[in-house]
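Look for chain A in each of the two complexes below; its partner is chain B in the first and chain C in the second.
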Partner chain A sequence: MSVLQHLPPGRFIEAAGRGSRQTKHTVQVSFIVMLLMATMALFSANVNADVPNAVPPEGEYSGIHVEQPIEFPHDIHADVNEINCMYCHTYARRSKVAGIPPTSKCMGCHSIIATDKPRIQKLTEYWENKESPKWKKVHDVPDFVHFTHEKHIKRFVIDNEDLQVENVSEVCAFCHGEVKKMTVADKVKPLTMGFCQRCHQANDGPSDCWHCHK
Partner chain B sequence: MGWGGVGATLVGCDMPSTVTLEEGKEEVVSYLVPEEFVIPGVGVWYASTCRQCPSGCGIHGRVREGRVLKLEGNPESSINKGRLCQMGQAGLQAHYNPDRISKPQIRRGSSLVDATWEEAYGLIAEKTANISGSKFAWMTGSVSGHQSVLLQAHLESIGSGNHFVHETINNAIWAKVSEDMLGDSNPRIRLDKAQSVLSFGADFLGTWGSPLHFSTEYAKFRTSPRGTLIQVEPNMTLTGANADLWVASKPGTEGALALGIANQLVSKHSLSMSGLPSSVQSLIRSYTMDETVTATGVDADRIADIASTLKRRSPSVVLAGASAQGHEHGYQCVAAAMVLNIILGNIGETIESNGEFAYASMAPVSGNTQSLVAFSQAAADKRFDVVFFSGVNPVYTAPKSLGLQENMANIPFKVVFSHFNDETTAMADVVLPLASGEEDWGTHVAPYQAGVGEISIQQPLMEPLSKDTRGFGDILLTLLKKRKESAYEGFADYYAYLRNAFSTIPAEHKNGASDDQFWADVLSAGLIDVGVTDKPLNVTAVEFNMPKELGNSSDMVLAPSARLGFWDGRHANLPWLQEAPDQISKVVWDSWAELHPSTAKKIGVKEGDMVKIASASGEINVKVYIYKGVHPDVIAVPLGQGHDAGFSRYAKDRGVNSLSILDPKVDKMTGELALYSTNVKVTKAAKTDDVLVRFGGSETQIGRKLVSTVSADVYERTEGGDHVA
Partner chain C sequence: MSLSNLIDDWSRYRKGREEGGFHDYEHMWGMSIDLNKCIGCNACSVACYAENNLAVVGKEKFEKGQGMHWLRLERYWDEPDLGEERTTEFQQHGASFLPMMCQQCNAATCEPVCPVAATYHTPDGLNAQVYNRCIGSRYCSNNCPYRLRYFNFWSYYEDSWPAPLQMQLNPDISVRDKGVMEKCTFCVQRIRTVKDTARMEDRKVRDGEVQTACSQTCPTGAIEFGDMLGMYDPETGVAETKVTRMWRKHQVEFGKTKQNKQTPDMRGYRVFEFLNTDPCVMYLDRVREV
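Right, the complex of A and B next:
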């Protein structure tokens, strides 16, 4: 049953531009799956209403809390002030890595905003010394795994016509958890092969070995 | 049951692994202020110049997150046209090498100890303060561009004219013969226009001239109609392995063979000798077929065939390289090859003028071995008090018989600029750690350019890995400032010097661009063509003779052949090149001696056995590789290995240095070391446990039809039609 639950609903197949490739058989299968999904939705809280055309990956993880050079408050930025994740992590949709925003970007706001706060004063000190803070990496995959943010953002955000781009944090949350409720990010998703694999099955992602191990 | 299997797999994939659980271990540092076009995770390509050999190929380096990750050829460069050889690719390993020197070192008693730049500069200033010009010398590898300008300025500031430019792999005699007979030391070779090439040991696909350039020209030569390549050499090179006809020559007989072919062209194919001095005409007449066969041991049919091929497949070009020039009569051997070009009418057809680089002070100064011999003698005569070395490792490349190592002791103060500790830094009083080729600024003018005058820009592809290394130009500038502050005080560093130099370049090269735009364009392209001045060829065939007796020794001859890989030994510390199987023997991580099967049988050795190679000047023990592509009287031991322990963890205790046992013979006309003229006795030595590791198990196809062949005769008889001879 848990396997069936992750088969993609037919709507996703169309949304991904593959409608023309469906045979009658797959349409029927999709229809049956949709019925099943509708039934199961009553019992399952897994389908996230904020990200249409997507089945969020399953799995939780409890990572250690990593001390950072500055306790960056994601909550103040993303939740209180509703700044879009992709405003600072602008590389996520352009590159395999999401990237830490350049220090110049922080200073773009913080040479004026909240300059009396100790964290901002520490940031300013870095800036004036022409240094960037040495952040500790929290989310990572092994070197033999090729993961690209760009493709995932394309699939769940750029090509996802039904998604309001304001809700992009819900897509980020698939793998990073609710960062907007955290200060510095903690790892709350396992990011293991099984975690990736189940999501790829559920969302019709590629399953060939070489897609990730190349 | 089936579900259970799937479940088990998924659990396996969810097992925590140490690599995925390393939260908070690695650091991730953002850019402070990135360039607008920089995206983390996406590479940006910057143009620069390869420094792995003197050819001066243009390169592109892929840079990501401030690290250079991959080098490729710059398609804009007329030299390599986007290609890059294995040595160039391995430039990254020179850059990231764990054995790089990261601090200046100063000799304290018998050992070198780490020091600061202030201490090193202070000591140099003290030792050179009141030095007379004649007591000071520079020894460098081939040099060009603004480094050459500053180096000359430094010599002038001391009042010295002693600049020894040394390269073991060189075209010095070819250049001298070309200068004497064509009036241009660096003529343009049109492989692309030639229908046939006769090469006396010129390994133009591997080590002769500008290998990548000639590789692309060779590709044109081989396409419709397909040119014919004939290679004459004592042991097969990469070029020889590509030849249609490969002729094994006894070292030193190349000149005789060239004259014999000339004789055939004149007597059988009615080509004219007019224009040649009468002494050379009678020399050619004296090399009748019988005489040539006796002198060279090459079959009469083969000699006739080579002559008729050159005549039939015209225009041709005749080249001469290391194995033809490496004799006491090396000049004559190369001159005989050039005479063939004159008789065949190749001058102006396939051998053209290259013009002359317009800015003499930046023009390439190419190294040779005559300088090594002269330097060793000067050191023996105690002529120098202070010598600076850069881009050379003479203690390794000099045959032991020159006594260079002992003579170095006569130089009281030796400063070595280097990336690595090696045999020469081991004798230094001060070692200055250089920035790598990927960290430094420079301008380079390639020694061989096909009719253009490109200045290739070397720009850093990343920040220096170590804060205590310095660029070559930066060090020169600092030294100059200490001697002539007023002339150089305006330049904060070598970058500022180069930037200024490009501001003052004549406006005709700027295409109307603003100064900043011009500089950006030059950096982006990686080069600028400033043109050449005309310098037409002027054929003046010189007189020369050819010794009939070649010592007639019953001993064998040692061939220290060079490879595009370790080059003259400078790259033995790069694991990629150690790991890359040799082009001929497929040996990895080792030295070997190439021996003809008949000779091996005579000596009683088989592959992997150890032989002792003894010359009058020393002996080496090395494992045998048995191969038909070597003359029966020759034992070939390629260059590169046999370094002292200090050089590198990768080259340590590995193989032998065949240069070390060469006799101190030189070409009598040019003073170049006669590298292919050392007689050796080869005897079987005690076998060790060490095995000869080779890729590829067999020299034959063992009937597997990997490459099917059919003789022309059979093809004509069974398939009909014409065949191309």
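Right, the complex of A and C next:
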């Protein structure tokens, strides 16, 4: 690796040092994870057992929590009710951006389900006013980066015969973290050039500058 | 990363030269420009401005040589001197035009002089410029025999696109800031999109699928663009691409500093071929009655 490689920006280090999100629990978990990874590295080259034929990228980030107009619970949808990520983020496998579902998609279920909950009532209000909630962007790559969801989904999900499509959230978690354990999604991966590049190296992705820089 | 890329590119190029081919490239984009067809309308240049977020710098800066036209129309006169009895500003006849964009040289003179490897050769045979890496030393521009690299002397975005003109900016290419070098990319964003689509459909890129903005716009079809690796294959019966056909017809070959022409009908040439830059743009000489 050359010295010319871009190093992560300062705020990344600052965020790691602040440690507001680091509880005793996380320390314990990370210790166990480290142990596990060490054992796995001993027995197989494939570090993540959940996604076959892939080496997940490494790196953590702790950013600023983004408030959303409605506190959307990803955990209830993706974890408890096991709804596939690609059911709502339907453009991920079809285009560059994963997309936010239209309010009509929410109303497809929520005109019947859980209509007594305050968050759903807020949503219904938006729907009746013919407005859409102004969701804020959490995972944003700089404007000079060309990133397409569809090619990543193709490589890790569609062309990956050993992966059950039900487990697609494990692939999403490469860059988005365990969103199914969160309510509103937070950015937990750095999404820096080094983060992308290390994964591209481990998974034989392209390393040509013009593949991603535009 | 980039340093190893750079070294790889050069060894690939050398290997290609020694073994008489460039075949471990994935693609090799090339052009053929017929000067017989070019009417000097400048539409290609305008298209390039629109496609690639080129700044309009204004007359004053343009006169200082700070124009950002990736594609410029060079104008030549049969009789450059109007003589003593000049009655008009320009000659009435005898103009010829030469659209000049980055020649995407295989042995690019700009690449080895960049101190930070911001310009390098891609596996597509393109001469790339990475804006984020560029530190604005301008060595590349000084080493380009064609003078086809343009430097951002100012933050043009501040006044080049007054509202609501910023809405017409192409999102597939960044708006460059002051201090970086830029040049024709062979519309790499279009190439990228077509390659992505082809990959999603599990097929190869078809001939004519990638169209650069200039070749799309040219009203007379003077500019042809395509993959130079599309050779005729007798086994599979795959036809050669349009551009390869033109190059073969006019007997212009890569890796040569002087072309062997059998007949004068073969009009093809590359600009400054003798410098051994091995460019990917071929021009077809203009024929006219004198």
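Just a few scattered comments:
Convention: the second predicted complex is superposed on the first by the 170 of 214 C-alpha atoms of A that agree within 3 Å, B and C clash if a C-alpha of one lies under 4 Å from a C-alpha of the other, contacts with A are read in each partner's own complex, and residues count from 1 in each chain.
As a working rule, contacts are C-beta pairs under 8 Å (C-beta built on N, C-alpha and C of every residue); 3 or more make two chains touch, one makes a residue touch a chain.
Remember, predicted model here, so these are calculated numbers, not experimental data.
By the touch criterion defined above, A:Tyr91 reaches chain B but does not reach chain C.
Touch criterion not met for A:Gln121: it reaches neither chain B nor chain C. Legend: residue contacts after superposition of the two complexes on their common chain; A:Ser111 is shown touching neither chain B nor chain C. In the superposition on chain A, A:Arg198 contacts chain B only, with no contact to chain C. In the superposition on chain A, A:Trp135 contacts chain B only, with no contact to chain C. Of the two partner chains, chain C is the only one touched by A:Asp208; chain B is not. Of the two partners chain B and chain C, more chain A residues are in touch with B. By the document's definition of touching, of the two partners only chain C reaches A:His146; chain B does not.
Of the two partner chains, chain C is the only one touched by A:Lys154; chain B is not.
Residue overlap on chain A between its contacts with chain B in one complex and with chain C in the other: 143, 197. By the touch rule above, chain C contacts chain A in their complex via residues 1-5, 116-117, 120, 122-124, 126, 128, 130-133, 171-175, 188-189, 192, 196, 199-200. Here chain A touches chain B in the complex through residues 3, 59, 63-64, 66-67, 91, 94-97, 99-104, 127, 130-138, 140-143, 187, 190-195, 197-198, going by the rule given at the top. Contacts from chain A toward chain C in the complex involve residues 1-2, 4-6, 143-144, 146, 148, 150-151, 154, 197, 207-211, 213-214. Residues of chain B that touch chain A in their complex: 3, 6, 10-17, 19-20, 22-34, 39-42.
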